[in-house]
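Structures for review follow.
After this come two complexes, each holding chain A, first together with chain B and then together with chain C.
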Partner chain A sequence: MKKKQKLLLWLSDNSIFFLLSIILVLAALVGKSFYTKANLMLLLKETSLYGIIAIGITFVLLLGFTDMSIGPQVSMFSVIAILASQRFGLASMVLSCVLLSIISGLLNGLLVSKVHVVPFITTLGTMTVFKGIALILAGGKPIASSLLTVYDIYTYELLGVPISIVVFLIFLIIAAYLLYFTKFGLQVYACGGNLESAKAAGINTDRITIICYLLSAFCASCAGAFYASRMGVGSPVLGDNYTLPVIASCVIGGIRSTGGKGNFVKTFCGVLFMQIIYNLMAMSGFDAYTQYFVIGVVILGVLFLDKYTEKVQKINLAQE
Partner chain B sequence: MIIQKQQYTNLHADLQRTVPEHQEKFTFRKLMRTQNIGTILILVLLFAACSLTTETFFKFNNIMNITRQVSMVGIMACGVTFVIISGSLDLSIGQIYMLTSIVACKLTHVNILLAILLPIAAGALCGLLNGVLVGYFRLHPLITTMGTQSIFLALGYALSEGHPIRAAENEFFRQIGQGNILGCIPVPSLIFALIVAFTWFLLKKTTYGRKVYLVGGNPEAARFSGFSFVKVTMINYIFAGALAGLSGIVVCSRMMSGVPSMGTGYEFQVMTAVILGGVSFSGGKGSIFGTLIGMLIVGVLNNSYIQWGIPSSVQYFFQGVIFIIAVVLDTMHERKLGLVS
Partner chain C sequence: MKKFLALVLSFILLLSLLASCSGKGETPVTKNSSSTVAAKDGKKTIAYITPDSRSPFPVKYSSAWKEECSKRDWEAVILDGAGDAAKQLSLIESLVAQKVDMICVTPIDSTAIGSGLKIAYDAGIPTMTVNADCDEAFHKYTIGYIGTPNFTFGYRSGECMAEALGNKPDKNIIICSLHDGFQASMDIVDGFKQAIKDKCGNVNYLDEQPGKSDKAISQALMEDWIVKYGDKIDAVFGADDTVAVGCINALKANNMLGKVIVVGAGGDGDGLPAIKNGEMYGTTYQSAAAEVSLVFENIELYFAGKPLQKEEEWKMELPIITKDNVDGYEPAY
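Moving on to the complex of A and B:
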């Protein structure tokens, strides 16, 4: 392999770290109040909520599948959390979400693995179903909780660190452990790399698929509960705009769009990168839509890099 | 010898006995094998249910109203059918639709002819961007069009400065979206019908249509036959973009305004119609007729909600359930026929 190619490959493999450091330097130059404690805390809190959703969907993306229903799931669970807390108290809030997430995860997982419906289409359908359920449960409008203790979950601090950040870090560690130190993790990468040969190697691909969708739904439900407790409101349209940014930040983080490549550190950096862009643009007074433009361009740029890596690797494989 | 003949006639009689049965079975099978049979049944049942339970559904005006309502999404769906049959995907179509409607809206203040021609060109240009990225550079269609979607959204907002804008008053322009021909047939429906006829001809009766199927069904074979994946994909995206531009003009004329938040969610409506119509996401399968049926199901369904007074929250639920049932039936049907592994 040529030295120049090697360097470029290394660069494109770790592109997210360079993007992140560039934006961090830029932040120091542009936003005067970026490096203040209050802003960084806000940024991390926001990142942790997005990050919890992103961890779940990373499993699905690693398989080379998609989950378009992730946003409506978040809103559905925010509504369920509020309803449960009204009726059965605070403890049931998280519990009901986690238990019900098994159903939504199973629905996606079974349709994809057992009925063999294309993942994109399956989750497009379930997306509408979840949105419908959220709207029916909430009666078509955001519902506020009369329970003031609802806010306690979000404002609770463990050793001075907000609970959402703690939960996010715990999830990150567990997910990384699952992916790197267990048989399950290896099987996920194997399925993402080549589903057919994974099946031929004796991996129960259906089981892996179902587990990944379950994890995705589980993370969405936790995020839903947090969003509900942040505002004390469950909104049936809250998550509609989360699906694309979350998937986009995973892709920016270096999850290959066809599956089988990527890890959680990069996913975290991708989410952080997106949030910093939002934060900086809001701070320096750009209108909201310049954000969309920048993010669109960044997604395309990352795809180009990804394609280049793939191409060079293929050529090298052929030469060897 | 005689015995042999006897046997032969017996056999012959046997055959004659079995053939009609066999044929009967065959025709039933043939019927079940007909493409879109499931969706046609759903459409007929829906239509019958609506006509029987409400007095207002089966009226000429209401039917015409349904066709007017479906025409905007329908025109886009025809273009997207090409893209999906050739094995790609377009999530940015809703934002192209929004962007072109704002372009049309702005241009009505300048020149009415430009307001009709330039949006189509703008749509084609957006399609060209998608086509170059997916066709020439071979980027992943789903995520690429997700990226271009947010670019088009940003452009639309930049053009309209973030708020709904009004179109200049012009009688001819107003007729495109709101007018009737012969006093009863809505102009958008007529445009939709023309587009359906044109795209059906293009897909079924020309060599280009064959290329689209081949590139989607078996890209390798298409390459060895000398059909360029790049060219077909690029033309498809440009075509879909131009049709989105056309429907942008229609919607602009129908509302006489351009709304920058309008496009969100339209790609899913288009996708719903196309998938209900039996277009397979693995490429190489589908038809304009199927898309038309899918579009009509969506239209009749939307109308029936209003007829039956179903609240919008329940609509979402039903729409999703019907969508999943249709897709599951379609997938199981395909697997039974051995079309997919």
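Moving on to the complex of A and C:
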């Protein structure tokens, strides 16, 4: 393989680290209050909430599938969290969401694995179902909690660290352990690499698919409960704009859309990178339209680099 | 194993770094306390968080904001909530980190904004809600609310509609609101419904859907409603003139314009020509520039250590515009 191609491949594999380094330098030059304690803490809290969702969806993306229903699931669980807290108390906020996430995860998992509808289309359908459920439960508008203690979950700190950050880091470690050190992780990569070959090798691909969608739903439920506690409100439209940025974070982090490639360190870096961009754009007063454009350009750039290096790899393999 | 160990050690390092980052807030702000007015030398920075720059009114509001800041040689920081209540919370925290002199916000959700207002309050930065208020429980964290009373704004449009309907009951009305879950939109619709109830008595609301301040979306909704309800429709209320005109386009295409009464809200560049052409019965005029001017009058009062104006002192009219007086008005935005 030529030197240039080797460099390109290496760059593509580690592009997120370069992007992160560049943006951190840019932040020092452009963001006047970026490197303040308050802003860095805010950045990490934002990263943790998106990151919790991203951890779940990473499992699905590694399979080569997708989950377009992730945003509406977050909305639905935020509504469920508030309703549960009003009926059964604060402790039920997270528990109710986690238990009900089994249903949403199973629905997606079974439809994709057993009915064999393309995951993109399947989850577009379930996206509408979950959004409908959220709107019905909330009566079409955000519901405020009557509990004054509803904010306590989000504002709780463990040894001075916000709980959302602690939970995110714990999830990250557990997810990384599952992926690197268990048979399940190997099977996820195998299914993502080539589903038919994995099946032929004796892997129960249906079971792996269902588990990945369950993990995705579980993470969405935790994020929904956190958002509900943060705002004191369950909103049926909260997660409408979360699906694409979360998936984009994973793709920027190096999770290949066709599956079989990526890891959680890169997911974390991808989420952090996106949040830094949002943070900088917000601090610079960019309106929503400009933010969409910038994020779109970044995603296209990363996808182009990924596809180009994939093509180069295939050519090299053919030559060898 | 090495990678996993590296991850765990990084986690421990990060946790210890974060633990050292936490800290308590500064002296909380009190209403109209001159001792808390940060008498800084140099330019004041007045931040405004819009609800959603995809709607025309917030865009006009932001332009007026910049003009008012420029007149006073203050720095304007305008951030976009992009229709996301959680994002508005993040933006407040971001502005607190930037240590601006004041944060003004049009809340997307009157309750969700509460925790953000508290954060600013604990950090010693005064906040004011504008154009839409926060929940009463959070008033203690703000210096006050200045803005169009959206309920009254909707009520005025309701009065206009009632006049058009001859104050008669049992009419079939469709409502094309703005965005899902947007507090100002809900207040406008509530005000409209109250006025109809007061003037007409019982009416039938055939349907209510958000037009999202988008002509194409509201036109598509109206076309669906025409298919579903047909000649039953007596009147349509658009919670802003843009969605009202979207509905008018659909009614025109189905030759129903003369039979259905349309009333809007806002008095924008779409609404006033529609009234002149006889396509829309009327609207309520809402001047973004006038409201922003009032906001800044009160910001000056706050920095001077004086109490804010009471609602009855606000010089903000909400005139009803119909064909009789439309020529006397320029588009509000």
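Here are some notes:
In this text, the second predicted complex is superposed on the first by the 320 of 320 C-alpha atoms of A that agree within 3 Å, B and C clash if a C-alpha of one lies under 4 Å from a C-alpha of the other, contacts with A are read in each partner's own complex, and residues count from 1 in each chain.
Just so we're on the same page, a contact is a pair of C-beta atoms (placed from the backbone, for glycine too) under 8 Å apart; a residue touches a chain by one contact, two chains touch by 3 or more.
Quick caveat: nothing in here was measured; it's all calculated off a predicted structure.
Of the two partner chains placed by superposition, only chain B is touched by A:297; chain C is not.
When the two structures are aligned on the shared chain, A:46 is found in touch with chain C, with no touch to chain B.
Once the two complexes are laid over each other on the shared chain, residue contacts for A:230 go to chain C alone; chain B is not touched.
Contact with neither chain B nor chain C is seen for A:199 once the two complexes are overlaid on the shared chain. Of the two partner chains placed by the overlay, only chain B lies in contact with A:136; chain C stays clear of it. Legend: residue contacts after superposition of the two complexes on their common chain; A:125 is shown touching chain B, with no touch to chain C. By the touch criterion stated above, A:66 is placed in contact with chain B alone, chain C being left untouched.
Once the two complexes are laid over each other on the shared chain, residue contacts for A:248 go to chain B alone; chain C is not touched. Applying the stated contact rule after C-alpha superposition, one finds that A:115 touches chain B and leaves chain C untouched. Under the contact criterion defined above, the residues of chain A that touch both chain B in one complex and chain C in the other are 135, 140, 236, 287-289, 291. Looking at the complex, you find that chain A touches chain B at residues 66, 111, 115-118, 120-122, 124-133, 135-136, 138-140, 236, 244, 247-248, 251, 257-258, 287-293, 295-297, 299-300, 303-304, 307. Within the complex, the chain A residues that touch chain C are 32-33, 36-42, 44, 46, 135, 140-142, 144, 151, 154-155, 157, 159-162, 165-166, 169, 172-173, 176-177, 180-181, 227, 230-233, 235-238, 241, 265, 279, 282-283, 285-289, 291.
Listing the residues of chain B that touch chain A in their complex gives 89, 133, 137-140, 142-144, 146-151, 153-155, 157-158, 162, 268, 271-272, 275, 281-282, 311-321, 323-324, 327-328, 331-332, 335, 340. Across the complex, chain A is touched by residues 3-4, 7-8, 11, 14-15, 18-23, 52-54, 77-80, 82-86, 89-91, 93-94, 96-99, 109, 111-112, 114-115, 123, 135, 180-181, 186 of chain C.
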